[in-house]
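Two complexes are shown next, each including chain A; its partner changes from chain B in the first to chain C in the second.
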Partner chain A sequence: MKTDKRFEILRTGVAIGVALLIGFIVTCLVSEAPLKAFGYFLRGPFTTTRRFAAFLEAAIPLTFSGLAISLVFSAGQFNLGAEGQFFIGAVAATAAGIYLDLPPVIHTLVCLLAGIAAGAVAGFIPGILKAKWNASELVSSLMLNYVFLKLGMYLVTYHMRDQSVGALVSLPLKETSLLTQFIPNTRIHTGVFILLITVLFCYYYLFRTSQGYEVRMTGQNIEFARYSGIPVLSVILSVQVLAGAIAGLGGAVEMLGIYKRFQWLASPGYGFDGVIVATLAKNNPALVPVTALFLAYLRVGADVMAIYSDVSAEMVAIIQAVIILLVTAEAFLSGYRRRMLLREVKQSASAS
Partner chain B sequence: MQALLRAILSPSFAASILRVTTPILFAALGAVVADLSGVVNIALEGTMLFSAFTGVAVSAFTQSAWLGLLAAVGVGALVGLTLAYSHLKLGTDAVLAGIALNLLAAEGTVFLLYVVAGDKGVSSSLPSKVLPDWHIPVIKEIPVLGAILGKQNALTYMSLIAVVLVYLFLFKTSFGLRLRAVGENPDAADSVGISVHRVQFVALAISGALAGMGGAHLSMGYVSWFSRNMTSGRGFIALAAETLGYRHPVGVFLASLLFGFADALSNYMQSLRVPGEFVQMIPYLLTLVALTIYSGRQRKGRRSSK
Partner chain C sequence: MEGGKESQREGPILLMEGITKIYPNGLVANSNVTFEVREGEIHALVGENGAGKTTLMKVLFGLEKHDAGNIFVKGEQVNITSPRQAIGHGIGMVHQHFMLAPSLTVAENIVLGQEPRKGIWFDQKKAAETCIDLGKKYGLEVDPYAKIADVPVGVKQRVEILKALLRGSEILVLDEPTAVLTPQETVELFAALKALKEGGHTIIFISHKLAEVKEISDRVTVMRSGRVVGTRNTEEISIRDLSNMMVGRDVELELPRPKVSAEDRREVRLLVKDLKYVRDNKDVLKDINLQVKSGEIVGIAGIEGNGQAELVEILTGLCECHEGTIQICGEDATEKKPGEIRELGLSHIPQDRMTFGVAAEASVAENLISTRYNKPPISNGFLLNLKAIFATCLDLIKKFEIKANAPKQPVNTLSGGNIQKVVVAREFSTDPEVIIANQPTRGIDIGASESIHKYLVNATENGAAVLLISADLSEVMGLSNRLLVMYEGRIVAHFPDAEAVTEEELGLYMLGVKHQELDEIVASLMGEAG
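And now, the complex of A and B:
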């Protein structure tokens, strides 16, 4: 067990190392000054306070979508709807932030609830289609991502748009609805605390409740779970609703914490980023914030690199893809794992 | 409303259905080949994107549309092989590997676009080539059919031929038989001496190559440039078309036509005063409804294997 864990850490480390190496080679191929460019990439978030704050800010939405994905993946459900849920959650929070008139804290809470509700509905659809009609949640959630993107854009464009502004943005959210940015010169907001609560909740739900146990059993072997009396269909449905709610909450928090108006013109892509985060964290909610920080670090580093060099920020996509492919590859370094286990067995044999 | 009906029933609308069906059909055929061999190819979306980019880049540098197509198909097969290698040799889950490749394609093509064209949005600064329209002599003279099938992009004709070829390949060749045997029951196939991995490698390469043709159509037939994320979910729609078409080339052709219809309809309705967002939703909603009806019917027949 201990060796297994050590091996997982080692393998993740090697995967990241290989990915960075490939990233460096690509940088060398396209850049006039690759060392300088890659240097900026590696220490980007540490170059100024503002960028360090940007790195922390970027990790917040990544953690939310990572949590949502890790829940559905734990149940063996490839629901990739976090993308649309996040988006529609932000739209719902925007609507509540513009049109309701409520005292400060309550207004914020109502906006967050609106995001949760919208996300839960968005998670419910692929869940019920799977549970009732066995429609592949993979395909249905991917389709719904586009539906919710279009629906959200319709609502913002035709109902919430601020006509006095040239760009396509919503009316400003009421001051009472916003989350407070509590560290000067940064955009770090009180949503961080909501995030921490959500992380704890997800961890507790998955590893300390009987439903969480059912979720994990269903994910490991659905037939076995069914024969041992676990109501797999209701587990599948409820975990997707819960994950939708969390992604929707993430969208709402991002909206109320960072922005004053709704201004996304395309889906910001947090859903698929959530897959990277959850995969790296092995679907463990307690590790999700760590891997989200890691991904945020890479992203901000890439942005800084793009400012100071001739390499565009999208280079980071190569590194991400290699990391996912290697971290999830069961056979990657499996020979080394065998030797590690063998050594452990020999040691314990000679000790006794 | 009447104007809409008249437009839908016109031959030019039918011709536009065929045109927008082409990339979906290619990718859906790719999905069939992969799925029948027992591997879900969710990387179709990214494969199309890579190929769409490659077609534009290679045709711009060689000044030959056909070399561009060849390169696009080659890159498609290569992406398929990458998926095969990660899934079969490294033991990555096929869905996760597919997601990784899609993410790589989404941003990787923007990265490459910036390298070759100095732009992160569209490739219009590249002098890329377009695959020609073909005129079919005899059919062209037939009244209604001529307007639909008389003049289309070369790749549209190829997609129709591909339906037949994929059918013959899967159901009339010994390799096709082996491929389906591997997908049906890999252990049984293995026990009679079929190399399961080798068959799946080939299947994924073919799957990728087909998706590559679809990608090439997007950037060298449908329009004459590459733009970021220009596939906009067609690879995923192809997966739905594959399910809906009973994993059979002819069924998949009909299902793809249905999605093509929704796509063409949304293009047409944009010119009416319906909010564009709702119209653009149609293909995705239709996919959702069709998928649900199909899966519900399937469920009665047999238990799901997962």
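And now, the complex of A and C:
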């Protein structure tokens, strides 16, 4: 067992190493000054306070969507709806932020609740379709992403748009609704604390509650869960609602923490990034912030590199892809693991 | 072994030397195994399940790659990495689960891959002739035009053997060939194997039924936990010594039947009336009536696939579409879901433990609590109590002698027998009123089977009502107080006294040769109730 854990860490480390190497090779191919460019990439987030803050800010929405995805994946449900849930959560929070008149803290809480509710509804649809008619949640959640994107854009364009501004943005959110940015010269906001609570909640929910146990067993072996008397259909439904609520909360927090108006013209892609984050974290909510930080680091590093060198930020997509591929590929380094095991067996054989 | 052409005839036809095989999950299935087979013998390979017999044969047949060791066929070292190469070296294998195309005829299956042709067309007639010739030659006659889907298991097995023979197999490996056969079919198989041996074929016979080994084999090799314990001439060793070699200690060969006096067997715990289940316009189950009272084991004998699996699924709530009524402890359970049925006091040892019995990658602890994860002391209804889980699991591991290092260990790193013990520990430790045990010891070692039988009998003597479904006749006959026989979805016989029935008689009912009348069965069942 110890061998296994050490092996997993080693494997992830090697995967990252290989990915960076490939990234470097690509950089060499396209860049006049590859060493310098790659240096910017690796050190980017640490070069200025502003960039370091950007790195932390980027990790917040990634963690929210990573948590949502890790919950549904734990239940064996390939619901990729976090994208749409995050978006519609942000739209709902915007609406509440623009139109409601409430005292400061309460206004923020109501906006967050609006995001949670919108996300939960968005998660409920593929969940109920699956539980009632066994419709593939993969297909329905992916399709619904478009529905929520267009619905959100419609609401912003026709009902919340600020006519006095040239660009397509919503009316400004009321000051009372915003999350406080509490570190000067950065956009790091009090949403961080909401995030930490959510991480703890997800971890405890999944590993310390009876319901979380139901979720994990349903994901591990649904036949076994049914046989044991776990109400699998309601588990499948409720976990998708819960995950939707968390993704929606993520959208609301991002909106209220970073922006003053709704100004997304397309879906920001955090939902799909959540899949990367959750996969690297092996669906463990406690690891999700770590992998979210890692991904955010890559992203910010790539942006810095793109500014200061002749290599574009998309290079990071290659590195991401290689890491995901190697971490999820069961057979990667399995030969090494076999040799490790073989050695152990021989030792124990000669010892006995 | 020494090489030279002269000595080749005297050397073994097959030598596997120092074979080591480790599965990716770290399970050491074979550890430095040396296995030698002489030409023209029937060599039994015995051992508890999980001892590594099947793995060794999979290595031989190129289905698994070994990590160390060499294989010699007729004195020459060979490198076998696929079944195709194994066949090329004259090795044929009949698997436990047949690998036949059900929609094709017997002849088509036999010639598959080397079909006789007439021009560009498949020559049906020639194929049939080939089959008939082959069948006559080896005393394994089959109807070449019958569809595989329509023929009984015994015939399917013959087809597999013929298939191997047609491909020129000199060494024939049979993996637990009698597990699926009735006593009558077994007799026929043994006659055929003896004829094959006369014809110069070498046969490797994998089994854990020692009486059969004693009857059919010339020599026997015993494996235990991935190693070879020894090879003996079958004549020179007793069944008791063989089983001791297998288990590594003395075993109880007689099965203990629960002894509960008739007065104490009053309360009807499980009652099934006129149960009917139709699938694809076919009656999968019809006229099922039965009752099980506290303190007795009622056995259901029958060849697999005669409706037993469906009956269990319906009784446990896993399958809902049926007619008729089911009562558990006097309460109607007809429309209830698995969880609700468990609430009524039912426990279920499923036939397929890796699909239903456990979540393979989850820990032993997680598997042990799956039926009580929301009840005290494991949970207060919302939060899990990790301490209570740990304590409960340690207790169960100890009480049911599960060989696990820690409650956190993934269940799929345990042996088959210990996985089954995890299932049994979970199902028996909730004080069940009714236990449905479907093939409770299938594919697990003697040691574990013995303990499971013990737990089953203990639970019965403590007042549980047990319905035991098993294809293993010695098990179902040895443990049950009363016996039922299922054939084609119906109960065709009821024996109020299981001790008074012979294996041969049961076989006739299982094959559908004999059957009792429905009224007679119901009357005798109700008489029991009286």
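Simple rule for what comes next: the second predicted complex is superposed on the first by the 340 of 352 C-alpha atoms of A that agree within 3 Å, B and C clash if a C-alpha of one lies under 4 Å from a C-alpha of the other, contacts with A are read in each partner's own complex, and residues count from 1 in each chain.
By definition in this document, a residue touches a chain if its C-beta (ideal position, glycine included) is under 8 Å from a C-beta of that chain, and two chains touch if they have at least 3 such contacts.
Not measured: the values here are computed from a predicted model.
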Combined model on chain A: chain C and chain B, fit or clash: fit
Touched partner set for A:Gly229, first chain B, second chain C, both or neither: second
Which of chain B and chain C A:Thr48 touches, first, second, both or neither: neither
Touching partner for A:Val30 - first (chain B), second (chain C), both, neither: first
Contacts of A:Val139 with chain B and chain C, given as first, second, both or neither: first
Chain B or chain C, by number of chain A residues touched: B
Partner chain in contact with A:Thr209 - chain B first, chain C second, else both or neither: second
Touched partner set for A:Tyr158, first chain B, second chain C, both or neither: first
Chain B versus chain C as contact partner of A:Ile318, first or second or both or neither: first
From chain A, separation angle of chain B and chain C (C-alpha centres, steps of 10 degrees): 70
Least C-alpha distance (whole Å) that remains between chain C and chain B when both complexes are overlaid: 5
Residues of chain A contacting chain B in one complex and chain C in the other: 334
Chain A to chain C touching residues, read off their complex: 1, 3-4, 208-214, 216-217, 220-221, 223-231, 334, 337-338, 341-342, 345, 349
Chain A-facing residues of chain B, complex: 42, 86, 89-93, 95-97, 99-104, 106-108, 110-111, 114-115, 120, 232-233, 236-237, 239-240, 243, 275, 277-278, 280-281, 284-285, 287-288, 291-296, 298-299, 304, 306
Interface residues, chain A side, partner chain B - complex: 30, 78, 80, 129, 132-136, 138-140, 142-144, 146-147, 150-151, 153-154, 157-158, 222, 272, 275-276, 279, 312, 314-318, 320-321, 324-326, 328-332, 334
Contacting residues of chain C [partner chain A, same complex]: 20, 22, 24, 26, 28, 31-32, 67-68, 316, 318, 337-343, 348, 350, 355-362, 366, 369-371, 373-374, 379, 381-384, 386, 405, 408-409
